[in-house]
Amino acid sequence: MSRRSFLGCLATGALLSSCSLAPKTLNFYNWANYIGETTIPDFQKATGIRVNQDTFSSQDVLFAKLKIGLEGYDLVVATDYMVRRLIKHQLLAPMQGVSGLEGLLPRFQHKPWDPEHRFSVPYLWGTTGVAFNTTHARPVPDSLSVLWEPRYKNRIGMLNEKRDTIGAALLKLGLDGNSVRPEDLERAQRALLEQKPLVRKYSTDMIDDLVRQELHVALGYSGDVGQAHESLPEVGYVIPREGGYIWADNLCIPHDAPHYEAAIAFVNFVLKPEVAAAITNTVGYPNAVTRARELVDPRLLDNPLGYAPEQMLEQTIFQEDLGQGERLWDRVWEKVKLHSV
Amino acid sequence: MKQRTAWLLVLPMVGWLVFFYLLPLGAVALQSFHLVTPDYEIGKELTLENYRRAMNPDYYPVLLRSASYAAATTLACLVLGYPLAYFIALHGGRHKSLFLLLLMLPFWTSYLVRTYCWMTLLQTEGLINTVLFEPWLGRPLDMLATDGSVILGLTYGFLPFATLPISVALERIDRSLLEASADLGGSPLSTFLKVVLPLSRPGVIAATLLTFVPAMGDFVTPELLGGPSTITIGQAIQEQYLQLFDWPFGAALALLLMVLMLIGIALYLRLSGSERVLA
Amino acid sequence: MEELVVELVGVTKRFDRVTAVDNVTLQIRRGEFFSLLGPSGCGKTTSLRLVAGFEEPDQGEIRLDGKPVQSLPPYRRRVNTVFQSYALFPHLNVYDNVAFGLRRSSVPEAEIQTRVSQALELVRLPDLLARRTTELSGGQQQRVALARALVNQPQVLLLDEPMSALDPKLRRDMRTELKRLQKDLGITFVLVTHDQEEALSTSDRVAVMNAGKVEQVDAPRAIYERPATRFVADFIGTANFLPATVRAVNNGRSTVVLADGVSLVAPSAEKAPVGARVELSVRPERLWLTREPGSNGSNCLPARVVECTYMGPVTRYTVEVAEGVRLTTEQQNQDVVDGYQAGESVFLQWRPTSGTLLPAEAR
């Protein structure tokens, strides 16, 4: 199951129960299947704090819930550009008492969305790139342009996430992946409309489709493709030569969190190398704790599906907050999705 | 006094309607007259801009497609549901409640899960392809992400909604009317055409509405069984709410759809002359 | 020999374990008004439905016009039915209801128009053509149902308790109307009813049914005056029964003896030979009370008044003629200012011709 499962969104709508008000609890709002197998029981054993986990299917749902002011969440998982938006909307509480920040991978320290780590601590990270099935996609792709090739008609998957899919079009065209220039977006829109007849689906849950070979090439998240690879070894992944996105999911505390102390305790717990490594070994996404690297499954090292090699990461950029320009992206996305082939 | 007590009984219902229907609807309506700010806040000033934007020709094919899906679904539900209802109501005998139970049985499983099952049946390496098309045609058929798969999923989902009201209407037909028709020389076919069919019309009308209206706004089925070119108005609205975070515009789209549907329903009821039948 | 239009020969119909119609044989003549009379559950409606074709017999043969029809569906039988509930089509107006049968047999629309008008005129409802049937009164609905059946000129018109939903006054009018229609049209009517007055006043012949069997088929007067069984005597009107034994049969007159030795005289009956145990049945209105024993050849029994009920035109008395043997009688209140009192000793008299001998039924 993907961290962004449509099913998960609809099936686990229930909000936290009354126990959320009891002392010694932590209400954690996370992607589905995005935590270690024993992390929660281990944390409870260590601290006596009970964890209620609720899951969302997209960052927009997370933003909507926090924006509406649904109280009760103590700790949420927010992707980098979303952290900036949450800060801007003053929806986060400053974090005090977090230790181990200096042990983070340099790549994830002092990022522009939260330079002083006042509001966020990196949790897991990954990249957006090209997934392929080696049986059907030959030669092995290394470029985003494979997603525009007519011979894969009806076997191409794109992410149902405007940042990734419009971004992929921009990168393919050799443009800035965070561009808000209307003419750049205009070109990206044309490219996506041209591509649409070839696309099997826009989805954030690609794992099953890759495994069932409904898709032969797709835009995907490294860890998700890694899970597909576990089931079907023919599934591979590359950060395309035009470039890809790197992103980090961060732990943040909502400004109205009822159990602030418990949230801080959990953040500190997760920053422990052995805990972080266990999470990575379960979900396949790398973590940002430097010393955890030695403890993770060696198969994930120097592997684009997990800890991608440095030279590959050189080609990646972060998704930046687009500011007012995001509306332009919205219009492109609307146009692409509505377009009838 | 009696009258007043009767009103008290309706009070919870009225309260329910106000709090869970009218208030949210009012909020949605109000929202549709604001603009979303670049910070994804809901603006203060009142404007018709969202409605102007909704007239965008990009939405016409989407609306048309949704209506075609709903119409095809309704037709399929009637064609499949009528004989089923006929059998249950007129020949169900003492097993009638068992048949109705069987009809409702799928409801005990989440609609989502059932639709997911269709995905696995229809996919390239799914059961239907491996058992039917691969041996027969020598290659699998692309059945998912087509108009057909969406209509199939919708029909599957709404079949009970079509069958139940028809079954109820058929059950309410006085059996002696069927005998009277036969007595007057009506063959089984003409009894069906001249007596059963017209008398089941309230059920057919209810079935049509219960199928068409939700099928028109459905977004789960096309999301799961459809593809890029099967986007429906329900999905477009959902997209505005959950992906693009433009709630006011989503609200305007939803309200326009609602008004369109209300006009459609009113026209349908008038044309089918069913105000009297329903009354 | 009159022509038979409907015949049931040894017909049996069972529902689960209940035998609704038990080896019934009936013959209905062309042009007669025939009634099936009996209490509810006696099988009269099932018999009618067998003729109409709504039920198939388990055994036996049903003939219409001499041809077996038991395997023909209703729409291939030239009979029409007036249903107890009228069964008018609620989605059609009066005209279309009446025209329904004609349209099924593809009669040209122009002819339909004439025949529907005629039929409605016949039932005296000419002006309601466009009315919905749900807007009609019960009486009007019944007339439409009649017209809808008659317009097809059936060989036999079957009427299933057609008047049970009407109020008593309307029912009496309708009875006359039915009789008139049947006379004018000459169509065979078969009426199912549990109302004896209805059956007796309309019919040429009546079949009394009980527990799936036919007890007696006869003209109304014979049914009342000469009931064939204790059931018929009891079901039609009221009857008094005196258990007795036949002592002598002489020239159409039988002498019977009661348990206490008193001799009585009654018309002889085929099923009551000398020595047979019988029941002597006498209608209450044929009995009269006196204070002195009679001497004019009447049957006479000493009795004691047990109860008297003043009912206006008549007074009803219950008298006891022997321990546990009670009879009722009704006396016209003509000039008797003071009737008999409870406890008074009286004499109960009746003409020998007023009695009927019935074979005693095994209990």
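The chains carry the letters A, B and C, assigned in the order they are written, with residues numbered from 1 in each.
What we mean here is this: a contact is a pair of C-beta atoms (placed from the backbone, for glycine too) under 8 Å apart; a residue touches a chain by one contact, two chains touch by 3 or more.
Everything quoted here is computed from the prediction, not taken from an experiment.
Comparing per-chain C-alpha centres with the mean over every protein C-alpha atom, the closest match is chain B. When chain pairs are compared by contacting C-beta pairs, A-B ranks highest. Distance between subunit A and subunit B, defined via averaged C-alpha coordinates, is recorded as 35 Å.
Between subunit A and subunit C the centroid-to-centroid distance comes to 90 Å (mean Cα coordinates, whole Å). Chain centres here are Cα averages; for subunit B and subunit C they lie 57 Å apart.
Residues of subunit C in contact with at least two other chains: none.
Those residues of subunit A that touch subunit B in the shared complex are 6-7, 10-11, 58, 60-61, 63-64, 67, 85, 88-89, 154, 160-162, 196-197, 199-202, 212-214, 323-324, 326-327, 330, 333-335, 337-341.
Listed in rising order, the residues of subunit B touching subunit A in the complex are 38-40, 58-59, 61-62, 65, 110, 112, 116, 123-125, 142, 144-145, 220, 223-224, 227-229, 231, 235-236, 239-246. Within the complex formed with subunit C, the residues of subunit B that make contact are 174, 176-177, 179-187, 190, 194-195, 198-199, 201. Every residue of subunit C that touches subunit B in the complex is listed here, in rising order: 52-54, 73-75, 79-81, 83-85, 87-91, 100-101, 104-105, 148-149, 152.
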